[in-house]
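Have a look at these structures, which come just after this line.
Below are two complexes that have chain A in common, paired first with chain B and then with chain C.
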Partner chain A sequence: MRHSFLDRYSDLGSFIHKLDPRTKVITTFAFILVVVLTPPLRWQAFALYFALIASVVLLSKLPPLYVLKRSLVIVPFVLFITIFIPFLKPGEVAGSYNIWMWHISHSGLLILWNVVIKAWLSMLSLILLSATTKFAELLKGLEQLRLPKVMVMLLSFMYRYIFVLVDEVIRMKQARDSRSFGGKRTWQLKTIGNMVGTLFLRSYERGERVYGAMVARGFEGQTRTLSSPHFRMADLYFAVAFLSCLALVGFTIIL
Partner chain B sequence: MHIPDGFLNIATVATTYAVSAGGVGFGLRQAREKLAEKHVPLMGIMAAFIFAAQMLNFPIVGGTSGHLIGAALAAILLGPWAAVLIMACVLIAQCLIFQDGGLLALGANVFNMGLIASFAGYYLYRLTTRLMRDDRRGKLFGSFIAAWGSVFLASIACAIELWVSGISPIKMALPAMAGWHALIGIGEGLITVGVLRLVLATRRDLVELQRI
Partner chain C sequence: MEKAIEIENLSYSYPDGQQALREINLAVGLGQTVALIGPNGAGKSTLLLHLNGILRSDGTVRILGVPLEDKNLKWVRSKVGLVFQDPDDQLFSPTVFDDVAFGPINMGYAEEEVRGKVSQALKWVGMEGYEGRSPHHLSVGEKKRIAIATILSMSSEILVIDEPTANLDPRAKWELITLVKGLPMTKIVASHDLEMVTALCERTIILDEGKMVADDATPSIMSNTALLERHGLATTPERR
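Showing the complex of A and B:
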């Protein structure tokens, strides 16, 4: 079992961890929505959003460095997109720069800034959500927020078996690498094809066994759980405080 | 191809969310009508399978690597609606656990890699196996076309969404995304062929499962 990368800090016991998952999902969604809607030139707004999310990170006792490191996963996509962005409206003269042979336009840079800051802030809030909430609890929250029941069941089965299958993949990779994974590219792809095929067969057969075991224990198409998360006063305080901060920043700066 | 938040404008976010939610809802209804309760655990595990299979990177050109999407594979084995549900689960988990793809962009990601990729894969497979014969060769060739086409079309949808959001001009985004994914698609295609060949050789019955 080498998957500490899943759910790593979700069992810390901070104020934020103890909140109802619904509160966290809704505030996260609202935060991302407001960030995405903010016009790019209002840089003060982005500074305040950052302050808001940073203070929640501090409150959650997550290691800030971990959050920062995780937020770098957006880099590849940003890089891919940004290759084009500076060239976006090359006709505009005002405030454009010529660096070496590239003609970088002002509006292109503005779009770049717009994307990068919004993507990064949204990423921070998503990391906060997933690092402070266990996936099982998150699913319960989503179910209470009217995600269809079958979908919730699919997701919870999936989550349960991700660990098993990821282990399987890691073992297969090790076996492959210890037998030297070299050769031509087509050979490598063929090897991966066989690995995925084997993984499929094993997963499918495991699925059949799991279903058999569940039926033997009285499964009839429904899952039942004993506890469901409660919406407490702390949730109300947090939601009101967070959302009013957000609204305040939104209204005073944007308007 | 997982779009993060901040890249799409609100109109695109709302449209793709609506279409994807409708698609997943319809898929759920199809599953409820046509599948037995047995299929819920099975599909959950298939989603975990696609998730795990996406961890296997393959080299493309230079030092870059890509990974399987798996929508075409799921669609060929279990049918397009099942593939939509499976991909939606995979994408939701990737968004909420790994922040791979944004929360507001989830609708667009489910649209590209779920709806578009699954249906493109499924119908390309059907078409090829009908044009050629539905024997081993036809199936293998069909699965290559299906997997390649699913990646290619999904990347085009992705480029169009970015263009509509005003992030990049279509003249640059489309050839770059489509060209790059035409390469990745070859990898996806060859791997899918490999999977199908193995399944045909070992458990042929799994290729003739009930599909939805």
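Showing the complex of A and C:
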């Protein structure tokens, strides 16, 4: 079965794709850090951040619409968390939007805008990172950046088995749907509960078998890896250019 | 003949108390290919897990004449390569290369040597050029081959395979049989695919309810229909 992969389009051969994963991880996190630290009222800064990300997207030859669509996935989550802030935050009332007994406050609206724009910009940069880097290379990069090996291993198992689990869920759903003929809502919920339990047990047992397969090949608790690619001049150029753009925006607008 | 595997008085119960193996006594000569057949739940996989010390219990297991102990587990695991039934269990890395290199890296080989072993193992199973692929996107037949390559890269002297032909279509099955047949090491194959056993193994052991009930040359086991019927390996004539 095919799924929409985390690293779809990671096979494109653009300049951005060929960068060392470490360069991309570092610049991505620098970008997120600067975005998060920008005061919410400096909207020009956010426009420039967007322009910066958009130009890198163009450089990377990713379909812009794909990036945009992917980035919208997080909007419901962010909105769900932030939508209540304008109602709950005390402060100057913004206009006459009195809905029942809540008042929408200015500072609340500001926080809403602040959270949404920062989350969205950060998301854009992360999509750019994951869509231009093969997951295996991303893991290598994180490991070289001294992310604890246990965490790298967790991520790698997640990436390897998430598809296996999704397949298992799809198969279970198909088996249920071929035998289910409606029924009460509570009955359906009970079925879902049973499926979740079964999935947990199966994953647990699979975990034991995978561990067996690792032990059988000499695994003793530490992961060891081979060394891998080195920084190239292109990495240096990109990192310097990107980070100085960021710094420029930061100094001229924020300060 | 020199012995690759010797098992004496091996019994094992699962943590829930259910007896899985009873008094197994077995010796396999160097270079032999032995089939371990039996119905579902007979204890085949459990026995295989004892061969490289993943499961331990009372009774002695000797590998190449050396008794299996805590202090030589690493050595034993480098000698006995175990291919699991479900290749999704065996292949746990993000790329084929990482998976085939996992064993050699854990054995402590240098980088050059690891790369050499990986390309050699992939060549052996006819999967050159698959290094960068993600195991999830391979067919079952390809996954099985890579799973065998993950063991070949460790240069094990004893190859233990659990259900090699499960879930394979006839063509993939026969390709795999040809591949395994061409491997020179001592081989233990657990299965209930009698066609494969006949083509691959000179000696067959029947395991049922944790006990060894037969141990003979493959042709004489396969011609003993009554024996096969008794242990769920052939169906009785009136059902046909």
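The rule is simple: the second predicted complex is superposed on the first by the 213 of 255 C-alpha atoms of A that agree within 3 Å, B and C clash if a C-alpha of one lies under 4 Å from a C-alpha of the other, contacts with A are read in each partner's own complex, and residues count from 1 in each chain.
The definition used in the following text is that a residue touches a chain if its C-beta (ideal position, glycine included) is under 8 Å from a C-beta of that chain, and two chains touch if they have at least 3 such contacts.
These numbers were taken from a predicted model, which means no experiment stands behind them.
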Chain B and chain C placed together on chain A: clash or fit? fit
- After superposition on the shared chain, which partner residues are touched by A:Lys173: those of chain B (first), chain C (second), both, or neither? first
- Given the touch rule stated above, what does A:Pro64 touch, chain B (first), chain C (second), both, or neither? neither
Review point. Which partner does A:Val196 contact after superposing on A: first (chain B), second (chain C), both, neither?
Key: first
Let me test your reading of the model: by the given contact rule, A:Gly183 touches which partner, first (chain B), second (chain C), both or neither? neither
Geometry row: CA centre of chain A as apex, chain B and chain C as ends, angle in degrees (steps of 10) is 70
Have a look at where A:Arg217 lands relative to chain B and chain C in the superposition and call it first, second, both or neither. second
According to the stated criteria, A:Ser156 is in contact with first (chain B), second (chain C), both, or neither; which is it?
both
Going by the contact rule set out at the top, does A:Arg206 touch chain B (first), chain C (second), both, or neither? both
Exercise. When the two structures are overlaid on chain A, which partner does A:Ala136 contact: first (chain B), second (chain C), both, or neither?
Worked result: second
Of the two partners chain B and chain C, more of chain A gets touched by chain B
In whole Å, chain B and chain C in the superposition are separated at their closest C-alpha atoms by 6
Going through chain A, the residues touched by chain B and also by chain C turn out to be 135, 156-157, 159-161, 164, 206, 210, 214, 219-220
Chain A contacts chain B in the complex at 6-7, 28-29, 32-33, 35-37, 70-71, 73-74, 77-78, 80-81, 83-85, 87-88, 111, 114-123, 126-127, 129-130, 135, 138, 148, 150-151, 153-162, 164-166, 168-169, 173, 185-186, 188-190, 192-201, 203-204, 206-208, 210-211, 214, 219-221
Counting only contacts in the complex, chain A reaches chain C at residues 135-136, 139, 156-157, 159-161, 163-164, 206, 209-210, 212-220, 224-227
Touching chain A in the complex, chain B uses residues 2-10, 13, 24-25, 28, 31-32, 37-38, 40-49, 51-53, 55-56, 58-59, 68, 73, 77, 85-86, 88-90, 92-93, 95-100, 102-104, 162, 166-169, 172-173, 176, 187, 190-199, 202-203, 206
In the complex, the residues of chain C that touch chain A are 49, 52, 54, 74, 77-78, 81-82, 84, 86, 88-95, 98, 101-103, 105-107, 111, 114-115, 132, 134-136, 150-151, 154
